[in-house]
Structures are given as structure tokens and as C-alpha cells.
Amino acid sequence: MINSVRILRNEINTPTVNSLYFHWDVRVEPGQFVMTWVPGLSEIPMSLSLTGKEKCLTVKKYGDTSNALSNVKPGERIFFRGPYGKPFSKVRGKTLLVGGGSGMASLRPLIDQDASGVVAARSSDELLFKGLFPIDKIIVATDDGSEGIKGNIVDALREIELEKYEMIYVCGPERMIKSVVDFVAGRNINMELSLERNMKCGVGICDSCSIDGFQLCTDGPTFGLSTVLTMKEFGRTKLAESGKRIWFQ
Amino acid sequence: MSISDISTSIGNINLSNPFILASGILDENGYTMKRILSEGASAAVTKSIGMEERNGYKPPIVAIDDPIFINAVGLPNPGILNVGEEIKTARESGKPVIGSIFGKDENEFIELAGKMEEYGVSAVELNLSCPHVKGFGSEIGGDPNLVRKIVKGVKGAISKPVWSKLSPNVTNLLDIANAASDSDALVLINTVRGMKIDIYSKKPVLSNKVGGLSGSSIKPVGIRSVYEVKSNMDIPVIGVGGIESGFDAVEYIMAGATAVQIGTAVWKYGRAVFSKVTNELLEFMGSEGYGKIEEFRGIALK
Amino acid sequence: MSISDISTSIGNINLSNPFILASGILDENGYTMKRILSEGASAAVTKSIGMEERNGYKPPIVAIDDPIFINAVGLPNPGILNVGEEIKTARESGKPVIGSIFGKDENEFIELAGKMEEYGVSAVELNLSCPHVKGFGSEIGGDPNLVRKIVKGVKGAISKPVWSKLSPNVTNLLDIANAASDSDALVLINTVRGMKIDIYSKKPVLSNKVGGLSGSSIKPVGIRSVYEVKSNMDIPVIGVGGIESGFDAVEYIMAGATAVQIGTAVWKYGRAVFSKVTNELLEFMGSEGYGKIEEFRGIALK
Amino acid sequence: MINSVRILRNEINTPTVNSLYFHWDVRVEPGQFVMTWVPGLSEIPMSLSLTGKEKCLTVKKYGDTSNALSNVKPGERIFFRGPYGKPFSKVRGKTLLVGGGSGMASLRPLIDQDASGVVAARSSDELLFKGLFPIDKIIVATDDGSEGIKGNIVDALREIELEKYEMIYVCGPERMIKSVVDFVAGRNINMELSLERNMKCGVGICDSCSIDGFQLCTDGPTFGLSTVLTMKEFGRTKLAESGKRIWFQ
């Protein structure tokens, strides 16, 4: 079933990211996503960046579809199906949220008094949701050094004692996640990672999002670190839209 | 009570159970096929592969309104030259991999089948449901002459078994089945042409507008097709369409099917559907006192 | 907010709402039709009537596994000479009664249509889905030449509007629709051929074995059929197949339907389905701000 | 869905009537019926003659199908779908059960300490379930006078003060019911009648069981007396298997 709901407000978060707020009376857990249809264009996976009574999609403008979606005006409708996917595990205790690019969208519902954040972006004005953390609980990194640490997300993680967190949640493009996984491999830490791959069906039948025989859309998008460490395809190879195998450089 | 024997064979292909992964569902990536085979499917049919790389249609590629499931994936595939590695990976499971192919004419089918044979598939499945330009709106599988040519051509060109997968979207299925009678087995059925319109966006949901209906809605069409063919022809049939339980499979087998394929049910039950249906089949055979599948195959035809 | 206008008309037939009782469902007995018309249907199509009295098939005439609904009633009917009184009783409702007829050839159809005109029906609906002896396994409605002859013949013989009801069990629906293009309207679709086997008695459930699948399972096939025809031809279409709610009807109307028929949903909701769907249609039009049906008819075709 | 259950025992009630006992874990109310399929023959409506945990079909042998059904042996299966139809209303207080022919089958679940019975048949050995009533609560009538009143069911009803019952339940062939209705018309009594007509679908779509636009299988088979009194077709005319209208003589 396709849900069609009207947008309450459209908030500009960064020059390339908007958030669409709406009411949708369905139980959603942090880490889950919806397949969002922009009629006439395409259908793309979007995490829920709020999971309470008020829901939110936080959209980074990549191509036609995400651009059109980010332009939906209050009172207009968005169309989506879901929620889909395996949510992040809930834990008691201190947590660390590590987000790159639009990755902070799916981590946002996990922000609470026990959570610290690591937010990375190309430059200062693209840092997403950093203002939602208390100033003493956030580390930022920018490629161009315009704010925080000059460097990538791993450079930021080096500054932190990761072992002290009950759980570290990570979300971002596969390349970024790969660098995080390589960085922590062999250490004794609890980590869940939300992966990103092409998605077409969203319901575990088309194989376009698969990684090592797991479907990101149903077995994931969140996976435990130990599972990710067993994946031969992770960070190395995936299938293009056609199904042709391509290698990450 | 001793456990029943649920193995079956289609020609020289031996299957540990009658449940094969259908073409187009989780069978693009070799690692995925390998995992599903290790989790209970007795064989896997690859996504249909053509001559050239194709991206398929833009999403939405599915229109779902439980239990209605319509897809228009648009035959995305890496092209026959790029699929060998995936088949190799899938074959590491030790179970049969069937290569599904689609083409625009006899010559393409022959070339594709030859390549599949090189890749080591156990059989080639001809997907005869791709759009046919003449007589627009219908499929290659609706033209008995074309079907006859393709089947004869491929049979003459390779030594592995050839399965023909037929479309239910035809006026007279028996005409087509007879045209395909040189095949080593018939696979019945592909999806039923359907469409979903979203009344709030006022548009067809699928980017291709028209798609193929699958899942429980079409099980009666599949059963009818298998029964109709098995009542009239002596050829192994593989049943497919809406199988979600071991009991659904029994219905196909009683209509005469030698084995069955499962597609859309993966959406409802995940990859675990294969162990689920296997358990249900064993449960049925146990409670009804059947030792082997042959004891009830085709029993409803009598 | 003022209430929306849901009236519609097909040629010169004016309907207070778009919901017509489909042929074969509660329309054998004049008193039944009269009651349904008084309870909300805007018109009723009679059970299909042939030349001679027929008992139809022995029960089971339905095989039901919610939402799967298959029937093989076998065209029971009292014969055209015995149906006049029933139509008269139904017409006491003051609403249009459509006479459905089936025959084995052009001449039978012409004779039946003439009698129906005498009985005062508002239109004649040609049921082109009865079995066709040549090309066994298929229906009259699968042969474009026969369809063309029957439609031309009946059109030439009576002055009331002629509706042609087409089968989805064909390779190329557009060929058939074009063959029937002399009709005043096309009715899409009849049932989809299907079968149910009971695995404990090991037998097909229907006494006729094969039957027609109807209800929600075939809505995608109906929508596709209406959309396909309306994309290519300029002829009024009446949508039928799986309509259970006002929203389903909107989907058909957006695909281009002028009115719709309801059959199997009577099984789920009883005769009250007609007031249910009417309320839902009004609800949709109210919330979306539509004053008239024309405002969204065919909107998904653009 | 077709239920297939194994028969526990097959009891001979009269020379022409058998009862099949079985377990079927579904809630059924007195007056409801199932469509019973005898594979290879036909499918016929049968009332539940027990509606507790143990269920029962009580079958009178009319033709091939009912004959075959009455021959099902313990351990063999019967096939049916349902339950269908509107049950009898429940009341507190004295009730009278009036059954002719196999009609007592559907009334049997209503037999309790408040119930009296009127059972009619052609002759003594065809009186069904009369033994389930205490001897002072049963009146019988036989056409041939071999037991009880010599005469039909109306002759028996003449002996009874019908107004004293909270509810009178009647079941039997349309002709018998018609005579009962004619007998009580105009009097101030509570009565529900279970009618019998040809049934093909059992689910309210084929029109073969209809009477005055009501479907016996869904609106009935039980109707209140006042509704039956409005029916123009009742006892006068109905449709044959083909749909051809026929008149009761």
C-alpha cells in the first residue's frame, strides 16, 4: 500500500539538505526506512529521521528525485511505502552516533541525553544535525577544515575512546563505513552500521541491494560489526543497476 | 514414523526437494543465489539474461497491495558476457543452477543458450514472455510459430536440457505448449499482465505502467495451466505461481507438476520460505501417509 | 461542503451512480434484481441468457479460499423465452435493466438480442466468453473475426445500445477490442480462467474442474485492460473485476471507465455493498474536492 | 476454504436418516449450515445438528449425494465449507420446536429443558429425534397414524396453546412451513422459520435460493414470521435449477 500524507513543514537544514515533517500514525523504529515515490520520477529509500508521532524525512539533494522531493511544499503530498528494514538495537547506557553525509538522517531518532555525536561533512555548512547535540557531546570533522577537525570521519574517531560506549551507531556511504570498519577491526567495541546500496524493490526480492547474500532492505540496512566483518563484498564490490558487478576503487 | 522422501528429478537433474528459486527473484548476484541454495532451495534459476547490458526500468518496479504484487523490473541484466562469474559463485553451492535467457529472436536465444552451457548451468530456461514487437501488447510466448522455432533452434544447439517458460497471457495455452513440445520440460507460469493506479497521485504506480501480477492471486491460473497441459500432453512440467506453502506445492504436484518454483513468497517469508515449505510438505506427506512424491503426482488428473 | 454529483451516463442511459450489478450475480430472479436496485445499484445486468433452458453445472459451482473466488456456474438459465417475466419484475424498480446474452454464433446472438429488446431492456450486453468449440480451451471472445461478426450482426438488428463484454483470456486484447469497436460500449473484464484442487480429496473442487477467477485478485487485470483499451481507442468502457470499494471504482474511473460493475464483492459485503461503495466514492470526491466524476475520469491516461 | 474432517461415528436414526459425528473447532450457532461436498457427486446444504464442541450432520437420504454422505464410515473424511447463514435467535423461556422431515436436524441443538417438541413424519419409524424430548414435552403426528396424532403438523399444532411459548422454531420443507404460516397468520405469537430452497453457492451470489429478493443462504435460512408473511414468492413460486420459474401446486 502506498501512503500519501501531506507535509506539515519543509525545513532547510543545510544548503543541500531539507527535512519534511508529517503525521503518520504507524510504529517506526530508528534505522528503518521508507521507499519514497516521486510520481513521474523515481522511488528512493529514505530513512525516518523522526520516529515519534511526528515523522520526518531528511533529504539530501543528489539527483532529480531527491531534488524534487526536497521541494515538496507544506500542504502537498508525499508518497511512500514501508516502514521497511531492521532497526538499530536499543541499548541502555552511553551511545555514540557517527554520521557522514546524509547518514545523520537515520541516526537522528537516536539522539538523547546519553548520546554523543561525530558528524562529518565536506565543509562547515554541510554538517547535518550537529546542533541537536549539547556542545560538549559533539565532535565535527570537515574535509576543508572549515569547522572542527580537518579530515575525515576516522580522523575524528581517533580522538575518542570508543570502548567506553555501550553502542556505536554508524551511518553513511559504503566507502565511509568501510574506513570506519577497517579502523575498528580487532578492537572490542559494540557497533552497528547502517549500510547504503542501490535499492529497487525495498522488500527483499530484486537482489539489487544484496551484499554477501544478505538483502540490505530486509536483513539490514543495519548490521552488527561482526557480520559486516564477514562480508566479502563489503567495500569491495557490488552490482550496478543492470546487475553488472563493479568494484570500488 | 519414517520421514518421507521429497527428492525429485527432472530428466537427469536430481533435486533434493521440489523447491526451486524462480527466475527474477534474488538471483542476479552469485553470492545471493549461493546463500539461498545453502538455506534450502534445491536449485536456482538465474534472472533472465539477454545479449546486452540493460538497466531495466526506473523504480517503482513493484506495486504492492498485499496480497496483490505486481512487478515491472524491465529485465535488468549485465548482459550474457558479464554473468559467468555470478553463475560460478552460485555453483559453489554444489546445487543445480539453471540459466534463464531472453532474446528477440531464435538466433539470440541460441547464442545465449550456448554461453550458458559454457558457464556450466544444469539446464537453460527460455523466458518466452518478453515483449514481442509485432502484435504489440503481447509477448513472444503468444506466437506458436516463434515459440516452435526458438525451442527447436536451442534444442539443436546445446546438449543441456532446455526448459520453456510459458506465459498465461494467451488465448490458447495448449497451442503454445504444443509448439514448445520439443522442450525437456515446461515451466508454467510467468506473471499475468496487470496494473495498479494510485488514486491520490492519479498515476499508474509502476514506471512502466503495466507489469506482471504474481503471488497468491495467480495460483489458480498456474494450477489451471499445469492441469490443462498435463491433461493433454506427456511432458514434465515445473509449476510456478503463488506458491507460499508446502500445501500449495502439493496442489501443483497433484495437478501433475514434477517440481515447483517459488518467487513472490520470498517477499512474505524471506529466504526462510524454502525451509518453511519443505517442512510443510513433509508434514503433509507424513499425515497423509505418503512415502514419496510420485505417489500423489498427477493424482487429480484421474 | 456541497455533496458531489456521482451520476454518469453511457450513451443515452443515465445512471444515478456508477455502480451496476454485474451479470451472473443475483440476477436470475426478477424479485432479487428489483431488491438490489432498490438498495442502491444504479442498473442491473441479467444473468447471461441463451436459446434453451440449461441447468448449468452441478455443485460445487464455487471454489472459495478468501480472497480467491473461482466459479463455474455453467450458464444456467431458463432460456430466452422464459425470462421476460423476470425482466418485467426487475423493471418495476424504474432503473435500467441490461439483458446479457450468450450464443454459439451470430444468428443466436441476433435472435436473443431481439427478444431482449422486446422485453424492454435498456441495452444488450454480449457475453463473448462462452466456450468456443474450434480452438478448444478458448472462448468466442478470443476470435476477432467471430467477435466482429457478432457485434456487427446485433448492432444491425436492434436499436437499443449494444455492450460487448470481453474476456481477459486472450493474447492481444486490443485486437479483440478493435473487432468489437462497433459496440456502444465495452465491458472489461470477464473472469480469468483458473482452478482449485483440494489436496485432501485430491480432486478439482469445481464440478467443471476449470472455472473463472473473480474478485480482488483480478482487479489489476481489469485495470490494465481498461487502461490499455482507453489508451488506444475512443469508446466508452465499463470497468468490472474486483471492485470492492469506492476507491477501487475510482481506480477504474481514472483508467478511463465511464461506469463500473460489481459482482464478487456481493459475496463479502452482501447486497449492502452498493450503498457502501457509493458512500466511499462520495467520501473520496469530497476529500479530494471533486464535484463530478468527469473531473477525474481517465486522468491516469495523461 | 474447504474443511476436511474425519467422522467419529455414524449413527442410524431412522431407516432413512443417519447422523455423522465429528470434531470441528469452530463456533457455530443453531440454525446455521454447511455446504457439504461429496467429491465426484455434488455439494448440498446441511444444518449442524449439534453445535457444541462435537458437531453433527444429520442426513436424510434423498438422492445420490445425500445417500453417499450418509454412508461415510468412521475414520473417513467429510468435506464442507461454512458455517453459513443467520442462526435462530436465542430466547429465555419456554420454546416449541416444530420439525417436519429432516427439519428436526437444525432444531436439535435447540433442545433443552425449556423446549417442547412437535415432530411429524409419514410414519412412526421416520420420526426424527423424538426420543430427545421428555415424554411429557413431545407431540408427534404421522400421516399414517402409526404413532401419535393421525395427520399433518398443523393437526398437531391445533392441540397446543401456541401463545404461551416465548418462541416457536419451525423447520421443514416449504410446503409444510406454508401450512404452518397459514395456520398461525394473524395470531400474536413469536415464531422463526428455517426455510429450504435449492442452494448452489451458499454465499449469496448465485440467486438460486432467493425468495422475494432475500437470499436464504445469507439473509436466512431462518426468518421471523412477520418477514415470511410479506413474501410474495413464499409457498407460491420459485426458480428451478435452470432459473426457470415454477409454481407450487
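Should a chain be cited, it is by its letter among A, B, C and D, assigned in written order, with residues numbered from 1 in that chain.
Following the convention adopted for this analysis, a contact is a pair of C-beta atoms (placed from the backbone, for glycine too) under 8 Å apart; a residue touches a chain by one contact, two chains touch by 3 or more.
Small disclaimer: the values here were computed from a predicted structure and weren't measured.
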item: Shortest contact path, subunit A to subunit D, counted in steps; value: 3
item: Centroid spacing, where centroids are CA-atom means, of subunit C and subunit D in whole angstrom; value: 36
item: Distance from the mean Cα position of subunit C to that of subunit A, given in whole angstrom; value: 50
item: Intercentroid distance (Cα basis), subunit C paired with subunit B, Å; value: 33
item: Residue list for subunit B, restricted to those that touch at least two other chains; value: 200, 203
item: Per-residue multi-chain contacts in subunit A, two or more chains; value: none
item: Chain-level touch network, classified as line, ring, star, complete or other; value: line
item: Touch relationships between chains, expressed as pairs; value: A-B, B-C, C-D
item: List of subunit C residues in touch with subunit B within their complex; value: 67-68, 70, 135-138, 142, 169-175, 192-197, 199-200, 202-204, 209-210, 213, 216-221, 223-224, 227-228, 247, 250-251, 254-255, 284, 288, 296, 299-300
item: Residues of subunit A defined as touching subunit B within the complex; value: 1-2, 4, 35, 37, 39-44, 77, 79, 81, 199-208, 210-215, 218, 232-233, 239-245
item: Sites on subunit C touched by subunit D in the complex; value: 25-29, 31-32, 34-36, 47, 53-56, 58-62, 64-66, 71, 73, 76-79, 82-83, 85-86, 198, 200-201, 203, 205, 207, 263-264, 266-267, 270-271
